[in-house]
Amino acid sequence: MSDTSVCLSRQRRGTDVALLHEDRLFPAEEGSRAVARRLYELIKDLPIVSPHGHTQARWFARNEPFPDPVKLFVQPDHYVFRMLYSQGMTFEELEIGEDEIEGPREVWRIFATHYYLFRGTPTRLWLDYAFQELFGFTERLNEKNADHYYDTIAAILKTPDFLPRALFDRFGIELLASTDSPLDALGDHAAIRESGWKGRVIPTFRPDPVVDPQHPGFHENVRALGALTGEDTLTWRGYLRALARRREYFKELGATATDHGHPTAMTEDLGDTSAATLFEQVIKGTAYAADLEIFRGQMLTEMARMSLEDGLVMQIHPGSVRNHNAQIFARYGRDMGADIPGPTNYVEALRPLLNRFGNERKLTIILFTLDETTYSRELAPLAGHYPCLKLGPPWWFNDSPEGMRRFRETATETAGFYNTVGFNDDTRAFLSIPARHDVARRTDAAFLGKLVSEHRLDEDEAAELAWELTVGLVRNAYKL
Amino acid sequence: MSDTSVCLSRQRRGTDVALLHEDRLFPAEEGSRAVARRLYELIKDLPIVSPHGHTQARWFARNEPFPDPVKLFVQPDHYVFRMLYSQGMTFEELEIGEDEIEGPREVWRIFATHYYLFRGTPTRLWLDYAFQELFGFTERLNEKNADHYYDTIAAILKTPDFLPRALFDRFGIELLASTDSPLDALGDHAAIRESGWKGRVIPTFRPDPVVDPQHPGFHENVRALGALTGEDTLTWRGYLRALARRREYFKELGATATDHGHPTAMTEDLGDTSAATLFEQVIKGTAYAADLEIFRGQMLTEMARMSLEDGLVMQIHPGSVRNHNAQIFARYGRDMGADIPGPTNYVEALRPLLNRFGNERKLTIILFTLDETTYSRELAPLAGHYPCLKLGPPWWFNDSPEGMRRFRETATETAGFYNTVGFNDDTRAFLSIPARHDVARRTDAAFLGKLVSEHRLDEDEAAELAWELTVGLVRNAYKL
Amino acid sequence: MSDTSVCLSRQRRGTDVALLHEDRLFPAEEGSRAVARRLYELIKDLPIVSPHGHTQARWFARNEPFPDPVKLFVQPDHYVFRMLYSQGMTFEELEIGEDEIEGPREVWRIFATHYYLFRGTPTRLWLDYAFQELFGFTERLNEKNADHYYDTIAAILKTPDFLPRALFDRFGIELLASTDSPLDALGDHAAIRESGWKGRVIPTFRPDPVVDPQHPGFHENVRALGALTGEDTLTWRGYLRALARRREYFKELGATATDHGHPTAMTEDLGDTSAATLFEQVIKGTAYAADLEIFRGQMLTEMARMSLEDGLVMQIHPGSVRNHNAQIFARYGRDMGADIPGPTNYVEALRPLLNRFGNERKLTIILFTLDETTYSRELAPLAGHYPCLKLGPPWWFNDSPEGMRRFRETATETAGFYNTVGFNDDTRAFLSIPARHDVARRTDAAFLGKLVSEHRLDEDEAAELAWELTVGLVRNAYKL
């Protein structure tokens, strides 16, 4: 890095020539802005705690340079390519899931030419942050400077300061959690531990591949789970024991949480005999489609029971209609930007689980939503009553300044701040982590600043809350 | 009171040392704030009209001192104890529905230690208002001043100025409505009338215990209704006559309204023979669960019919899933902070009733919701068309600054201001009444101030509207 | 006009005596307001592009004077009379759908006396705009000046400057689309073309009367369609050919779009045999009610297929429960202010159509909603992925400053600006067209101004976007 003319310090923000203004995302009204600035000043350099995301442990196990700008910014980020796709660019042109023909420079040019499409989106905020803070750009990406951007980024990526572990340290990451299949041997996590490097990268137990009968490969996965644990996973007892064992293994490698991405928040609390019978039908493939949903619901309750035993925090992420675009799914598979939220009910759906475990003080269940109507109607009232429930931060399409503001405005008055759990970046794009946390910190400072300037909260309290929203609540909720 | 150093006057707000700032809840932007201040000045001292709530007529009939601070502020207020419960405190610790062990001072200390949990909630605004305006505190409640708070409040509660009738007068209450079972003999209301005290406390006819077959004790209640009225309430005709008689009795004691807390807004308009047959099945206990909902729906239409005859205003409060927490309900019963809103539909649900009576100009039906998505989609369009419909104020989890703002923003453009009915405090906590009305007045002044400063309304109009939203519309809608 | 003392120029806004303030609808905060002003300055005089509405081609074909003030402002505008109706005025009093008894002056007096009911509504903004900008009034309409208003308007309406074509030109209308039945011979459109007048008035193909089996007169309409086209519309093939022919005819007269006002967004993609069988049942009248919805869904997919062939842009306007008030419908018929929105689902509903045509780059489908909860949950994610989808502007009850603001706040972060299509006035009230576009331009300028002052967008970008939101996106999306 020393031989490039790139300035990486945070001090540059706010100079005359910059992509980022030092007051960005703060209220325009001077009084609120002044409070927001003071609050932000208290939290901007706090460590990053990232308990939920989709970065890869392998990056930190191997510590190899990131490849070219396109493989870093465009092709892995469905926020980026779904917008380009919606405006007529094809996966072929973007060389996503396709053979390379023109190569990354040409894809980068397409991206740069259409960078204006991201105006008003959080993607633009995240990208500009990385462009300025990490690569020192001060001019907006466009058709003309596309090659300059490309060459500069490509050169910098080869420097030692941009190896994954160096970036991890520079970003001030206190903890980073990946999300992993129960079938994952977690070799990369083990390698990181053995390497002597001090960065804390932990796994998260995401059992969807072995508890969702509609997950591709479910039946093979259940058998593989048996092979991995020495349990007979074709019996209900053996299957549950195998899951418990894998949870223990994840815990040994640092996991503190599980994650559950079901289509709905439906839970069930069948008697043991009924559950065993249902499992048998599921394994035989004779269960009706509606029963598969019941099985998923039963497994959420089983996971809650295990959490009460082993202490893993439970995250429930329902409400995404996956792979909505049949043609894209058939050709390119999952996670191609074609997951669409649907209406989600929590009140009746969670009742069986809550009737069983809702009053347990040693259980923590973090609820997420893609359906904002549930914040004030369902989620805040539920979390404002049940001791086991906490509200996860705005997620996915709602991980944005307006989305975060609506979350605070609709959840806080009923659930308070202390039934929430700080921020999740939930990203696949490692370089976006500091940008995303910065947006969250600024947006929280703006919200608190407004409360203070409207005399709904005193500034000493807002300062305490700013710290809680940034590091306190997340460490506590995720047992970090 | 004269021998305490407590200053109760409203003038103290805004001094340097205070819990409450004189500009609280006004917009931070100076122009809007200045208008809001001027509008608030016009309405802050207007009388309190409280046409819907859950205070007890007995307090005013007997006029005995309120007991200790915990029985006043903590144990009866589910807004307070549900937050404490959600954060791990137990009903045992809070001595709610349990034997007293440590006693109220110890419960108060727990409350004080956790007072920070209420940051950002309306509960905090209400409590601070009572603490400062009624008890003269200027320091935020916390662990250290808990005993001082306790002792001061306990002492003041014994003074004559804090007897219920004295507070009623000091609060400037023009009218206070309680909510009562049709089986209630209304002895306290009668006693108030006979006492010569001038305070206007009126009952509200809430027939849920005798029209909802799933209400605990429904069958005994229907029999008791028969005993009370001399009608054979096991026949459809006799049952309807008995209800009409009780409505008359409530009217004699001042009632101007009924209230209906059904699970949904479903209405029915069965022919008379079908209705009688259904009633017979309900009374025999042979009706299906779905038919019980139909019966409730039919009873809403019957109540509308009776309202057209006797002039009682009809309030419909649907959408709460009651007693969601099975363990809490089994041990402690109803109203323990575990009611959770669900999605609510009005458009199809109200159609049978509206097809029958929707165009009646002499009928007033006030609609409430816990599902904010219905404000702009369903409720404002309905109230902006049907002559009989008016919109109730934001209710329960939505009775908060942000909730009120969203109501105005989403309902006003379609329904206007004149299809709304002012504010309801809906409280069980008598001391919170002035605080709640103050929050509503400030929030309305803030909303109107913003409209004026954005030149969407002239200030003379805003002044008229401020008066309407505070006393005009409520007196008119509730026929007071 | 020259002989009246009315000043029509836009310059008068902002003077001391005026109904309209020059800064109306801009943020109160000075920094944001300043940016909003600058942005508005760039767009305020741009031409009006109106690709969707319900004005009548006949006005421009015949170019006759508009009748009296009541027939212009009150009786045809359901926004106006539904509010009056909701507050107790009757259709008899307003002489809507009834014989004239008192006459228009008396109706105007009722309207003027109740003008305060519109405070806080967009109707008020539109009316004040017309009153000041077109008729020169500077005093708010009220009981006292009702006759002065009436006489002034009546006099001005007779002047040549107020003939439809003169107003069209004065309003700066670049294009105006009407909405027409497939059975309409479009004689007025043809007459306009032949007249030599340069105003561009085009039809829109709205096939509801012949594709919705529950539309009054459906069966006669299908037969009439056959007579008009020479096809045997009682066969599936002939029916489809007839529709294709009418689409061609509409195109010849300038149409660039179709419009579909279905109860839901449900689509189907039946095989050809199944579709033919269903059509046969529909025509015979033997189809079940649920099958009628399936038929409508199938027809949306058929229309998409035809759009891919003939290039007409497709507009889908679902979610209105039509004719909710049975008594009003029985006596006065359709479009009497009694249509009420219901919850609308898009994600599953559109799937069949999108699975078939969703990835077509040559197809444009513009989605509208009356259910604002779908903006962030469903519509923005769908439009932010599928190449064929764009988001229509806030519609009907949501065509208002707050409605527009919520649309931008909830849709932009996921869909961006470029998956939207500018503004639709959707009006039956010709004189409200400039007022409605002015409200939209101001509200967009306000939104962009806020983004700029919060440093989420640079001002040069905001300026480009202001132009796009006003004329660029609409011309492009509607192929104008």
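Per-chain residue numbering starts at 1, and chain names A, B and C are given in the order in which the chains are listed.
We take it that a contact is a pair of C-beta atoms (placed from the backbone, for glycine too) under 8 Å apart; a residue touches a chain by one contact, two chains touch by 3 or more.
Bear in mind that the values here come from a model prediction, so they are computed numbers and not experimental data.
As for how the two copies chain A and chain C face one another, under half of their interface residue numbers coincide. When chain A is fitted to chain B on its Cα atoms, the angle of the rotation, on a 0 to 180 scale and to the nearest 5, is 120 degrees.
Note on chain placement: the centre of chain A and the centre of chain C lie 40 Å apart, centres being C-alpha means.
Multi-chain contact residues of chain C, defined as those touching 2 or more other chains: 27, 29, 373. Put simply, chain C touches chain B in their complex at residues 20-21, 23-29, 82-83, 85-88, 116-122, 125, 140, 321, 324-328, 337-343, 370-373, 397-398, 400-403. Those residues of chain B that touch chain C in the complex are listed here as 27, 29, 31-32, 343, 345, 347-348, 351, 354-355, 358-359, 361, 373, 376-378, 380-387, 389, 409-410, 412-419, 450-451, 453-458, 461, 464-465.
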